[in-house]
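By written order: A, B and C. Residues from 1 in each chain.
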Amino acid sequence: MNTDAPSLESGAGPIMTARNVDVFYGKKQAIDNVSLDIPENQITALIGPSGCGKSTFLRCFNRMNDTIQICRVKGDIRFAGQDIYDPKVDVVALRSRIGMVFQKANPFPKSIFDNVAYGPRIHSLSETKDHLEDIVITSLKRAGLYDEVSDRLDEPGTSLSGGQQQRLCIARAIAVDPQIILMDEPCSALDPIATAIIEELMDSMKEKYTIVIVTHSMQQAARVSQQTAFFHLGELVESGDTQSIFTNPEKERTQNYISGRIG
Amino acid sequence: MEQSQDLTLRRSSRASQIREYAIQGALIACSLVAIFTTIGIVASLAFEAIRFFGKIPISSFLFGLEWSPQTAIRSDQVGASGAFGVLPLLTGTLLISFIAMMVATPLGLLSAVYLAEFANTKTRNLVKPMLELLAGIPTVVYGFFAALVVAPLIREAGEGVGLQISSESALAAGSVMGIMLVPFISSLSDDVINAVPQALRDASYGMGATHTETVTQVVLPAATPGIIGSLLLAISRAIGETMIVVMAAGLAANLTANPFEAVTTMTVQIVTLLTGDQEFDSAKTLAAFAIALFLLVLTLGLNIVALKLVDKYKKKYA
Amino acid sequence: MPDYLLTTSPQMAKRHAKHRRFQWYGRIAIAISISFMLLMFTAIFFRGIGAFQKTMVAVDVQFTESQIDPSGTRDPAMLKQANYKPILLQGLQQVVPEATDRRDRNQLYKVLSNGAAFDLGERVAKNPDLIGTSKRVWVAASSEVDLYVKGKIDPEVPEDRRRLKNQDIAWIEKLREAGQLKRKFNTTFFTSGDSRQPEMAGILSAALGSFFSLLICFLIAFPLGILTAVYLEEYAKKSRLTDIIEVNINNLAAVPSIVFGLLGLAIFLNFFQLPRSTPLVGGMVLALMTLPTIIIASRSILRSVPQSTRDAALGLGASKTQTTFHHVVPLAMPGMLTGTILGMARALGETAPLLMIGMVAFIVDVPKGVTDVATALPVQIFLWADSPEKGFVELTSAAIMVLLVFLILMNVFAVYLRRKLERRW
């Protein structure tokens, strides 16, 4: 596992900060002057109606927007105080610190074991086969999947159910020992039971990881997150403690969204 | 305005209905041409091949190790050996096809990967038409180039290092055939690689893999059945290729695996047997049909397996 | 900047290096393929460009009537068959008077092509008024002389190892100095058919043979292919029959082209007794070969016509046939036509099936119709490539250049058609 990561004392400041971020797809502006802090070891939820830029903003944190040619990101985004868009930064290294789970589970067409082992293998995180096995099993346990698959680690990852596949993707992300896990609507394709399992998982995960989750379900945000940020039409309308956002929002737009009048 | 109260939905007139059926019938008839062509091919090959096997036993054809198709014109003629074993032709075909695939597979796959994954739009728009140009060059041109330039070059290079290379070496014919196959493999693999869903690539990038790692450890393994399918189609093409080998390979039925020697292939023998002055009935000309039947079974078999593979692969990511 | 975000560890550097290397492998692979193609074009170009010029010799001849037409009938057949050798020889001897004895005279005459006398005969038969006049005529030099003038024969090679002896070379130089030996544009290449002599050979019969074959191919394959595609895409419901048809089409697309030739041989030639080596049969064989390609391409074009077009027509009460042929097919036609022309271009370059139906014969006469015996351009290339005479290397390369030009024109035309007729829907 990585041992040379910086450890921030809690209360020593947010682990990720964004200041005056604009994102453009070609000429169209998707994100307009957004500033947000992501506190460490907490779950931050990004909510808002569909198409308001939540996923786009999320993808800025691990520079996944780099893979889209027409996308341009402006502004100051820092991870542990360092500007992640600095040309000296190695994107590959960055993404081993900040993992991602996608909307639709996308396990590789490999075995369950190889899916989880993929990250540690390419980053050479283990020296021996036993060590690798440890990492895989630990990750599966942390993702709450191990008990269900311990006897069939060689079977293809695609043979699992939807909810199990998503937990496999979480295990895969955990296996490289990131500090932050970004989740882009991870439960939107799952049934309520599978969703509940993953929400419980997230709660236990926040001890070790920082989680930023994009969700279209206000209820989910209210259930799992400690911080919430409300996006609308590419702007960050309001952000803060989840309880206060939902019970006593400051902005009228936020109130309208929560009571279902918009979005 | 008074409108007619006749709301019956009148069936269209008999004439136009008949016309509809007639047109549909004509269309079906056209489509049946495809079936008739296949039947025609199989029938013509099988019919003549069976007549051949009436003169030469099928076991000596399939298992015979010697090919020297002489038949006696007069019963007392010397040199009426007439060995009709197809194995030397098969090994010659496979040797040249093997060499061709050794050339075409790395060049074709690497080109496809580069164009599909790494090249920018400008490069792609420049290179793809050039590869299509390569695909459009008639094989007779490749054959001419192979015989005129490549084969002597290889022979001289061999002499330079003390090797005895035939001027009709399998290497010459095979390497030129390989280049011919490159655009074939490249475009088929390109389709296959592009069919791999972006979600898999995103998952890999998200974990901090480099682009190459993503390609070699996620995309290509995912595309493997489709790529194997395209390689099988290429092999089938190589086996059935005629002009390059007719012009650059030899007539010597040699049972060898040495790329520096001259070998002959099934297609060369078909051409040789049928473009001389023979009567249609002699064992020599009928032998050509027997070889062709063998060739057809081989290529169709490969194609069926290849298409099944590609189909299975496409369904996985549909 | 903390280390962990930079590429400092040797392992990270290795991974990035591997990425750069892998990209280079791809670039090199592409470069090799394209260089090979350029090499091939260059080699053929430089070997073929010379063929567009031919060495001609100017001979001052006297068309003496007693020699050509002693009976004075001016019968064209007689005029063609008259012996023009002495006339030509006389003219040559004016420049090279030292060729007196019989051996020398024969050797001097060999400077001219065998076809020179024949050529003269044709001219006189066409224009009998030449008889009785004196003229300077340009006739073809022999292939040996032509190759020497083009620098393809090495005069340094010892005399007994070459066909052109020193004496011959001396005479050639004399003619050249007298301005009577020049390279001129090779019209013969474009106006005559095949010949045993390279200097008299041309591609006209082959080109026309190809043209007629492609014509037949188009007339058969285009309607059949389009209608089959229309049936499969627009009319047919999923059934055993349509499955069988589709499987057949896919398999036929992968059958080696030589097998189609054998089909033609066994069924068209032997069973139906159609004339051998004609564009009719050639076109039929090419049509069967091109059919699967046209069907598959047309089907994908038909599939791309939006369903809304069909719905709109049907909604107005049009019948299935009216919808298909008045609305869908016209929209799909540019694409289908393009696909067909590209299929034709492929057929133009096909050799093996035509060899099977007998187009390997030595054809001198220019075909005037689809039932005249003919050859095709790629077959002509094949036959010339096989010829031992050095002069044919040039011709083969030039014929290849002509073939490639036709192919490029067809491809450009196909793309142009598509752009011009494309209607945005």
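By definition in this document, a contact is a pair of C-beta atoms (placed from the backbone, for glycine too) under 8 Å apart; a residue touches a chain by one contact, two chains touch by 3 or more.
This structure is a prediction, so every number in the text was calculated from the model and none was measured.
A.B. asks: Mean of the CA atoms for each chain, then the mean for all of them together: which chain is nearest?
C.D. replies: B
A.B. asks: If you average the CA coordinates per chain, which chain's centre is most distant from that of subunit C?
C.D. replies: Result for the farthest chain: A.
A.B. asks: Could you tell me which pair, A-C or A-B, is linked by more C-beta pairs in contact?
C.D. replies: A-B
A.B. asks: So, what's the distance in Å between the C-alpha centres of subunit C and subunit B?
C.D. replies: Computed from C-alpha means, the inter-chain centre distance equals 23 Å.
A.B. asks: I'd like to verify one number: the distance from the centre of subunit A to the centre of subunit B, where each centre is the average of its C-alpha atoms, in whole angstrom.
C.D. replies: Here the centre of subunit B sits 49 Å away from the centre of subunit A.
A.B. asks: As a quick test, compute the distance in whole Å between the mean CA positions of subunit A and subunit C.
C.D. replies: Each chain's C-alpha centroid was found; their separation is 64 Å.
A.B. asks: Would you mind listing the residues of subunit B that make contact with two or more other chains?
C.D. replies: 210, 213 - these are the residues of subunit B that touch more than one other chain.
A.B. asks: Please output the residue numbers of subunit A that touch at least 2 other chains, ranges allowed.
C.D. replies: If we look for residues of subunit A contacting two or more partner chains, we find 92-94, 97, 122.
A.B. asks: What residues in subunit C touch two or more of the other chains?
C.D. replies: Where subunit C meets two or more other chains at a single residue, that happens at 15-16.
A.B. asks: State the interface residues of subunit B toward subunit A in the complex, per the touch definition above.
C.D. replies: Residues in contact with subunit A: 197, 199-210, 213, 217-218, 221-222, 316.
A.B. asks: For subunit C, which residues count as touching subunit A in their complex?
C.D. replies: 1-7, 11-12, 15-16
A.B. asks: Which residues, counting only subunit C, touch subunit B once they are in their complex?
C.D. replies: 15-16, 18-19, 22-23, 25-30, 32-34, 36-37, 40, 43-44, 47, 223-224, 227-228, 230-232, 235-236, 244-245, 248-252, 254-260, 262-263, 265-267, 270, 288, 291-292, 295, 319-321, 345-346, 348-352, 355-356, 360, 378, 381-382, 385-386, 393, 396-397, 400, 403-404, 407, 411
A.B. asks: Which part of subunit B faces subunit C closely enough to touch in the complex?
C.D. replies: Counting only subunit B, the residues touching subunit C are 12, 16, 19-20, 23-24, 26-28, 30-35, 37-38, 40-41, 44-45, 47-48, 106-108, 110-111, 113-115, 118-119, 127, 130-131, 133-134, 136-145, 147-149, 179, 182-183, 210-213, 215-216, 233, 236-237, 239-243, 246-247, 267, 270-271, 274-275, 280, 288-289, 292, 295-296, 299-300, 303-304, 307.
A.B. asks: Can you check the complex and tell me which residues of subunit A touch subunit B?
C.D. replies: Residues 62, 64, 67, 91-97, 99-100, 102, 104, 106-110, 118-119, 122-123, 169, 172-173, 176.
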